[in-house]
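Note that the chains are named A, B, C, D, E and F in the order they appear, and that numbering of residues resets to 1 at the start of each chain.
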Amino acid sequence: MNEKLTHFDTAGNAVMVDVTGKQETAREAVAEGWIRVGAEAMKAILEGTAQKGDVLGVARVAGIMAAKQTPQLIPLCHPLPLGKSAVDFHTDEAAGTVTATCTVKVSGQTGVEMEALTGVSVALLTIYDMLKAIDKGMEIGGIRLMKKTGGKSGTFCR
Amino acid sequence: MNEKLTHFDTAGNAVMVDVTGKQETAREAVAEGWIRVGAEAMKAILEGTAQKGDVLGVARVAGIMAAKQTPQLIPLCHPLPLGKSAVDFHTDEAAGTVTATCTVKVSGQTGVEMEALTGVSVALLTIYDMLKAIDKGMEIGGIRLMKKTGGKSGTFCR
Amino acid sequence: MNEKLTHFDTAGNAVMVDVTGKQETAREAVAEGWIRVGAEAMKAILEGTAQKGDVLGVARVAGIMAAKQTPQLIPLCHPLPLGKSAVDFHTDEAAGTVTATCTVKVSGQTGVEMEALTGVSVALLTIYDMLKAIDKGMEIGGIRLMKKTGGKSGTFCR
Amino acid sequence: MNEKLTHFDTAGNAVMVDVTGKQETAREAVAEGWIRVGAEAMKAILEGTAQKGDVLGVARVAGIMAAKQTPQLIPLCHPLPLGKSAVDFHTDEAAGTVTATCTVKVSGQTGVEMEALTGVSVALLTIYDMLKAIDKGMEIGGIRLMKKTGGKSGTFCR
Amino acid sequence: MNEKLTHFDTAGNAVMVDVTGKQETAREAVAEGWIRVGAEAMKAILEGTAQKGDVLGVARVAGIMAAKQTPQLIPLCHPLPLGKSAVDFHTDEAAGTVTATCTVKVSGQTGVEMEALTGVSVALLTIYDMLKAIDKGMEIGGIRLMKKTGGKSGTFCR
Amino acid sequence: MNEKLTHFDTAGNAVMVDVTGKQETAREAVAEGWIRVGAEAMKAILEGTAQKGDVLGVARVAGIMAAKQTPQLIPLCHPLPLGKSAVDFHTDEAAGTVTATCTVKVSGQTGVEMEALTGVSVALLTIYDMLKAIDKGMEIGGIRLMKKTGGKSGTFCR
């Protein structure tokens, strides 16, 4: 088996990797993703920022809370005392997309990529939920890690 | 405000829609999404099905459980006594993708699209988690509703 | 022991009351409570409605989600497929109070008072959390059931 | 926007404050609140301490557990490895009140006021739940921070 | 593959069984288990019933709440609106055992064996937790289904 | 009251012990338990390892995730940032038993016995759930702590 596959033991069984020997360092992860929506749904989102049904405000709260729920969702993910979680949105009316960015920080023995990716995913799913009465054809994509700092494996930047 | 935006009241405030007057009918939703992985990660997945580190087996369990967690993740989503939740995978070695399909059923007063979409998302995030030591450049996309039956709004098919 | 104390068996042990023999009817509960804040905190809340730090928007989402979490918080409370959950706020600048009202509905075998009361409590605690950097002397009070309809015990109105 | 409003970024969006740069110190918070009950309900509570339906025993467990659930309830609250959580009750038969006090401690980068306030709130809601068959007119109030030590902002005492 | 293994599809993949076609009937399950403790721990338990450290009272609440958490713990278990959950204890001083019995009822499309078994397990684990400072050699055993009624498969009695 | 009963204060009330003064050390706990199953169920388990319905794979994931849920299940248990969680199985066809072993590690101020015991219990309950269509007479037993290292009380070995 691939030796880098740390989520399995030598017998191939799933395991939550032992990180107790690792150093506690400052770690940060930034993830991104988008949802593509139709014109009517986009209008509803943009009006929301003008305080008539704040789709992005609700989605932001959902994303921040989901980052904290990550170890209950991703089976082999370590529970961590997150030090920061934030979700930002960028709306591109021409392209018909809302891009979500989630930034998570921790002082800990392992990284927070999964927290950032989960925060992005749930924020986008929440947008879907709030607009699905208007548009059932929306699509979520582009969910990926943008940046990761701290820890032995060092900095990753897309 | 858009009248179809049922997740807001007339003042534009977020609200969990009242479904108590709706009929209890059989409902089903199918959602789909994919993760694009590199050659080394794909190899690890394919070997996993040969019982050396079963990435897809763990991701399947994560997706099924996440569907049940949906109302705790998506703020305005109704809690429902789900009657079925299943996650399937299709691996396309040439394209370098694993496609996840989540099917959820319920006898209830509202639909299960969000449960199916959440199941797909968490299944794919779990694949990411288990392979991220090999490949940090993976991308998740194509998350969308494929089919929806039951309820007043009728059948949706992509 | 008091025979009305249905949360205990005849030996005085805590028990989640058997409601399986009860009829499934439409039920609704409305609960209320307030938080008293200082002038600076009140200003921050009122500005928030003008979209610079939407304290009440976040608190509303927290209250709606908390109503769904009630059976995980209140030991002898029944899990129910809630059909509606909504939180409204009324700000009284002169009195220095924000009043929260939570309305919960269900078609079920038992009532949703605790869900409404929990929704109110967590919405108010969230306001506290978001303003505590400005004002540590805030006080939460007046948490009580305003109305309850449906079920054998009939309508209650304060 | 008010600069002390650390739960919002400069654009006014909700954010879980970054505490990763803060020092890990011993922190403690004590919160209080009461529930006012009728004579019959008070009798049931007092008899409970004589082991026939221990209302306060169940409420104590509920409050301790709720303190641990705080980051899942309060959107912008940090998850913390709590080092202590305790709930005490004081019954004033003449006034018809039960006062709950919740004490929470942690060695961490941020305080535990919200945990103490949430513990108090859920303990009191649990008393309500167990007595609501006797008395629907109970009221919860006086929920406030009594003391807070540790951290940069120093000691707060009401 | 064994056709009775309903938790797997024909390809052998784990699946939450489809129960949406099944009839909603009254169902009940009773499960049992014991913990064997040393003399000093037994003394502490027995004194507890005399209101000085109520081990069984806390364990009862834990078991009742755990029954409600079952679908979040057992991957392929259906979420159900439980209608009753109760935990009883029988202490046998001579044998050095405490036996826990958990009874769960529901009107639903599938049974509640897992809820009863989970309630028993967590009640016993809680006893262990509260006494482990006295006795680390305690053992939990005899966890099994005692009775099951309702549903197509009919009554099971041990 | 027994002075070693740290989960109660001097008045006999349940309390989550204060560990904030304790040293953060490396701690490990190993727990074990078994499930006794009939011949047909054993056959299904053994075939599962040959990839037709992987009972133990699902149970392993359930046990690992349950260890992380422990503080939400065991009322007086401290939340901890677990550094490792693993579940292993040993199948004894002749005896008709599957033995589960759960190993949990943490750098923390208190131990992880309860996490290891909870991981074992939920892994075994999951096996029960997946095989109960074949065999309702299965029994779970032998749940006990095998080893514990770290902390002031030192090493425990059965």
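Points to keep in mind about this one:
One rule holds in what follows: contacts are C-beta pairs under 8 Å (C-beta built on N, C-alpha and C of every residue); 3 or more make two chains touch, one makes a residue touch a chain.
Computed from a predicted model, the values in this text were never measured in an experiment.
The chains in contact with subunit B as well as with subunit D are A, C, E, F.
The chains in contact with subunit C and with subunit F alike are A, B, D, E. Two chain pairs, D-F and A-C, are weighed by contacting C-beta pairs, with D-F ahead.
Between the CA-based centres of subunit A and subunit B the separation comes to 15 Å, rounded to the whole angstrom.
Averaging C-alpha coordinates per chain places the centre of subunit B 30 Å away from that of subunit C. Subunit A and subunit E have Cα centroids separated by 36 Å. In subunit C, 13-14, 51, 54, 57-58, 61-62, 65, 69, 72, 75-76, 79-81 are the positions where the chain touches two or more neighbouring chains simultaneously.
Applying the touch definition to every pair of chains gives A-B, A-C, A-D, A-F, B-C, B-E, B-F, C-D, C-E, D-E, D-F, E-F. Residues of subunit E that touch subunit D in their complex: 49, 51, 54, 57-58, 61-62, 65. Residues 1-2, 4-8, 12-14, 33, 40, 43-44, 47-48, 51-54, 57-58, 61-62, 65-66, 69, 72-77, 113-114, 117-118, 121-122, 124-126, 128-134, 136-145, 148, 156, 158 of subunit A are the ones that touch subunit B when the two sit in their complex.
Across the complex, subunit B meets subunit C through its residues 9, 13-20, 71-72, 75-76, 78-81, 108-109.
Residues of subunit E that touch subunit C in their complex: 26, 57, 60-61, 64-65, 68-69, 79-86, 88, 105-107.
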